[in-house]
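Pasting the structures in now, so scroll down.
The two complexes that follow have chain A in common; it is paired with chain B in the first and with chain C in the second.
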Partner chain A sequence: MKKIKLYIPVFLLVLTVIACKIDNYPATDAQLYGTFLDAETNEPVEQDIIRGSTIEFIEHGYASQTKQVMIVKNDGTYRNNLIFANTYTITPVRGNFVPTEPQEVTVKGETQLDFKVQPYIRVKDVKIEKVGTKVVATFKLQQTVINKVKKIGLYAHPEPAVGEPIRTVLADQEINTVSDPNKIYRLEIDVPSNSSNLKTGNQYFFRVGALIDAPESKFNYAKAVRLTL
Partner chain B sequence: MKILKFICLFSVLSISCKVNEEKITDTPIPIEEVKYDQTGVLFPNYKGLVMAGYQGWFTAEGDGAGRGWHHYQKAGKFEPGFASIDFWPDVTEYSKTYPTAFKYQNGENAKVYSPYDEESVDLHFKWMKEHNIDGVYMQRFVSEVKGESGKKHFNKVLENALKASKKYGRAISIMYDLSGSTSADMAFIMKDWEELQTLFKIYDNKKNPTYLRHHGRPLLAIWGVGFNDGRKYTIADIRKLVDSIKGPTKKTSILLGVPYYWRTLTKDTENSTDLHTLIKTADVIMPWAVGRYDASTYTDVAGTTLPGDIAWCKTNKIDYAPLVFPGFSWGNLKNDKSLYNQIPRAKGDFLWQQIAGAKLSGAEALYVAMFDEVDEGTAIFKTKKEGQTPLNGDGKFVGIEPDLDSDFYLWLTGEGAKWFHGASGYSMQKPVRSK
Partner chain C sequence: MKLFRCILLLPVLFSLSCGDVLDKQPLDKLQGENLFSNPEGVKLYMANLYYQLPIEDFTFFRQGFNWNTGDPNNGGFAPAMVTDEAVHTEFGDFIGNDDFQWWDQGYKLIRDTNILIDIIPTLSVSEDETKALVGESAFIRAYAYFALAKRYGGVPLITSVQKYEGDVESLKVPRSTEKETWDFVLKECDVAIQNLAESWPGGERRATKWVAYALKSRVALHAASLSKYGERAPISGTAVDQKLVGLDKSAAAEYYKAAIEASETLINSGKFSLYKPSPASPEEAAENYRKLFEDPNIALNEVIFIKGFARPGAGTGHNYGIWYQPNQTANGWPHPGRMNPTLDLIDAYESYTDPGKSAPVMTTEAGNDINDYNGFSASKNYKRYDDPAGIYKDKDARLWATAVLPGTAWKGQKIIIQAGFIKPDGSAQLFGGEPITANGKTYYPFGAADRTQYSGFDTWGGNNTRTGVSFKKFLNEGVNVAPGWNQTVSDWADFRYAEILLIYAEAIVESGSGKIEEGAKALNDIRRRAGHTKDIPLTIDNVIRERRVELAFENKRFWDLVRRREYHTLFNNSVRHALIPVLDLRVSPAKYIFIRQTIQRLNPATFDYKQYYRYIPGVGSNGLVQNPQY
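The block that comes next holds the complex of A and B.
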């Protein structure tokens, strides 16, 4: 019994030492950040933080070629502060822009990598304002591909990350047509009929989006607007 | 003794140092790129042009080519039940035609033409001019011109075409089709190309003012690189071929015919980044789109492919010519009636969908497949209408839609050409032909 009592602490000590050894792998030592930019206007391309465009990256030097992913913030920026300095194959995928090619990038220290992309749709001349008891959005669409525009929407949420996936109230419309660049589109949310989610006197964020009808496409947006109801 | 050894070693070292120094300071004399006289050249740039592929591979019994009913016949015969063509050429305007064993419903004999005849090729170029189509790429099938009779035929067709292109001011360029070639054929192509230059003075701006130029140099097209369909030559073979055709003085501009999914290296394309390396040495690329979509899938497939391709080409400073085709039909060629009108023409809706799609996606030039391809039913030239085609045993010939004029696809292609030339008033909406 004494022997067993002696063995247990020894065993635990051995375990601890082994565990320490495993934990002694080097920490991440680099950061990767950047912005999705419209190749024509050089403006950031607005995104969704969830179910939005994704960045896939594969670290070189490993046989497994495991794909890791980064998400993008609403303003089109992304940042990964926990990355190892190495060479990576990086590809923006399933996005709201014309598909782009994988690129080989050396990440070392603070590395900036912007993606110049062609957004499927530019949501332009956006006006979102309170008119009476309604929130009214008017805007134009400039599509850069020949596909149809599937849907347009006005989304509302208390947080600035508002968009199609993050909204408490919406007004959307299936349009399924090639958009006319001169047409003014109009969407409105009635405040009283959404009173459980939109309370008078409170601040909310509103954002206009449009979805192109292309495989794996995501919504394109204008910047969110803050309104006090 | 030791001192002697040291002196010897020192002198050897100093010599080797000197040699090394000479090597470093010896800068190579830059090779000057060839400059051509562009005086009188009608097509100095590929941009804005709408050009079709010209097969020219048909022959008729008695036309002097000695190749029988080449590309019309099947299993050695050209008679009802034995034809490899789906569309029947409308030969009403041809001055030289050949009677066949086929008959129309009313018992009248059906006739065909041969591009071996100068007057027939002349007529084709006349049509191009009438309809504003800029010109053609003369297909040169390596597997055919390797043989004596093939070479004789294709040289005669080329001679006819060069003459007619000059007469009607249409652009002309040569396109090697590598289907069926092997690695060993690369040397043959080099030799053949050299021969053509001597024979037809292709680089001579006075003799051939209509031969297409690009980047200040005559343009040669090479079709069929990067396909993953088990070809017996490699991307590396084409790299060597392109390098030797261009030469250190960059004698020639090159258009490469590549598979549709060349950019993503998927589906019809060999998964090798060597293809991208090769493309970057070329001047223009033309991805093969025939059979990659139909009217219902076009937008899903091409809607993002076209702008993606164009962006890649812009980044890599390569010009881009998307392909458009009026439809596809190869029931007789494949002995399968279900393949008649496999990709329907829909009275030009399908062709216009692609012309507009390419233009609105930012394309600057077009390749039309093809001017005279009746085996696979992609011809835009005048063919017989549905209900007016000859009888074909228990099979049939596919005609163009009966309510269209037989030159409708020439006209519609020409409308596309006008749009690419900068005319206004065109959109996704197919233009209406005024009577």
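The block that comes next holds the complex of A and C.
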């Protein structure tokens, strides 16, 4: 009986010791970052942080070929600080630019990878200002493909991440034509008739965007503008 | 000598020992052969298949089917609440990735059906009975694969029982294309149609030839719409490249044709008609329509297929009666009032004064501000009413039978729905606060002093509507449901003749083929039953509006938005709306005004392209190609 009393703790101790393997897998050890750049002007291509362009990447060395996804900030930059050093197949997909080919990239340490893309539309000469009780945006469109422009819009939100997916007020217009590079487009938001979302005296961000008529395309934008109403 | 005798006995013992005395059969379970050798056993097995059928009834929620066993508490979040039909009193959820899944259960039902299908040829039953079994099992398989196809696109078509013989790989069946899957469902419908009789001798609620035609109409219209409108929401990925999701536009014509033919056969059969097709007044129409859903068994000429809820209890009753009563008639249940029909739905109902189009509720004399959802504005000249439901006068009878409107009677009580008041000084006090005294009378923010005496806008318990109306359709006015789980036993009409008429009309107008006058008649017959007297032309807008109001809350809207690829346009950072009744104390006696505004405490919702297909569970082990972007 005494022996059993001794054996049980010893047995449990042995079990405990062999049950736990120390998790000594390596942590992520690399960073990947970069910017979507307009191949022609070398300027960043404005994006949406949700429901915008995404970057798919597949890590080499595994049979599953699982696609992982990164999102892009509004200013066209992205950064992933928790990535393993390895070789990856990386493709920007479902974006606001002409589709690009997958590329094989070796990520090691701090790795910069910029994507030179051809944005579908450049939103140019943007002026957003308060005129009386209205916020008025004027802009020109320069499209780089022959497709029609489906929609243009002026979006407002209290946060700088404003865009078509993040907005509390919008003024948009289906145009469904090939745009004229010389035409000045005009959109306006009436402040009083949106009084529950646009309060006089507060600051809001306004951004102009245009959507090309292509499968899974995303909006092209100009930079957001901050206005005090 | 004695020993010798004993030795002689040994062979006897040996011979006895080799009997199968020890091969006992369990006494508490039926063996497969026994089950199927007895017609009663087949019936029993069939009952289980019907039970598993993915019927989108009172127990269908985002968690799945038959949500009335175990712990059925899901807060009463109905499928209608992820559409523009309604919102929940509390939850602001939209469609999650894990919602509306039906994979494991689907293939379980298909396997169970395949077991029966494999065994039918070996049964010793009459030829008629064999035919009926063939037809019924094809119907069940069609129903199951339809539920899979509309969720996942192309799926593995497993048509006989798979046997595990040591090789897992041989059990893995790849996905068929979406086209092949829809064609398979239609083919199964045809097998059912060819083999099923027109009725069952005892009038049992089992599949008949007509139910199979009804299913085929629904399936064909779904596939046709996907073909026609798939390009509204383009997606990309391996599953698209292999045509596992997506239908070619050219397939639309054949599917619309199939929908027209199947629904036309039902119409021409002369077996079905609308329940009380020509009411004398809108009031009568409203009462007829309400009764039709309170108990569909009174309208067997209209109802083609019923799922019964026979007795209160787990697995046999449902919970509409407790979740959706107005707060005032909760009958002791702690959390009623959870289905809140939206203004977006209310607007869709026609007005008898100006038929043929949606009649958005005009709240001001100017009538030019239906898109103003900013709330009360003192500068507006609101229409004032003595009757808290006055603003709904002239609205389609079906609205009155679908929703409990403010101030109307329900279960012998006046249902009070009031969001607050406009004080005599012209300022608004909405959604709470202290009672005030004006003109020598005390006024309460929600219309009554005690929280059991009103049904709107108080956030307490999540029991009061936040849209301005409460829910009525399907609820039984004459029955006080006990405040417990699964106590409601009203039956569910899965196929109604009205839906068949609407399928017929939609297929004709969408395909531009078929008999246009007949399609228009189908549409107007339904409207006439709702008290309309002026016919309207057959247009797609008219048909879709009619579907919205006639089939509201029958769990059709979700799939209508999916099949017509309208979900992402309707829900793009979109809010839903309320029509709040407010007591205006600026005038004496006080009158009601109504304010169109966004629903309180509800976030905007967005539907992504990828959500048109659900993700396929377990691709790591079943090896299937996943749907795009999952």
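Quick note on the criterion: the second predicted complex is superposed on the first by the 206 of 229 C-alpha atoms of A that agree within 3 Å, B and C clash if a C-alpha of one lies under 4 Å from a C-alpha of the other, contacts with A are read in each partner's own complex, and residues count from 1 in each chain.
Here is the rule we go by: contacts are C-beta pairs under 8 Å (C-beta built on N, C-alpha and C of every residue); 3 or more make two chains touch, one makes a residue touch a chain.
Fair warning: this is a prediction, and the values are worked out from it, not measured in the lab.
Aligning the shared chain A places chain B and chain C next to each other free of steric conflict. By the touch criterion defined above, A:Arg51 lies against chain C but remains apart from chain B after alignment on the C-alpha atoms of chain A. Contacts of A:Arg167 after superposition on the shared chain: chain C is touched, whereas chain B is not.
In the superposition on chain A, no contact is made by A:Val105 with either chain B or chain C.
By the touch criterion stated above, A:Leu229 is placed in contact with neither chain B nor chain C. Once chain A of one complex is fitted onto chain A of the other, the partner contacts of A:Pro215 extend to both chain B and chain C.
Applying the stated contact rule after C-alpha superposition, one finds that A:Asn194 touches chain C and leaves chain B untouched. By the touch criterion defined above, A:Ile71 lies against neither chain B nor chain C after alignment on the C-alpha atoms of chain A. Of the two partner chains, chain B is the only one touched by A:Lys148; chain C is not.
In the superposition on chain A, contact of A:Arg94 is made with chain C only, not with chain B. Taken over all C-alpha pairs, chain B and chain C come no nearer than 8 Å in the superposed arrangement.
Comparing which residues of chain A touch chain B with which touch chain C, the overlap comprises 215. Every residue of chain B that touches chain A in the complex is listed here, in rising order: 263-264, 299-300, 302-304, 306-308, 311-312, 356-357, 360-361, 428.
Taken together, the chain C residues at the contact with chain A in this complex read 234-236, 372-375, 573, 597-598, 606, 608-609, 620. Looking at the complex, you find that chain A touches chain C at residues 51, 64, 93-94, 164-167, 193-196, 215-216. Across the complex, chain B is touched by residues 39, 98-101, 118, 144-148, 178, 213-215 of chain A.
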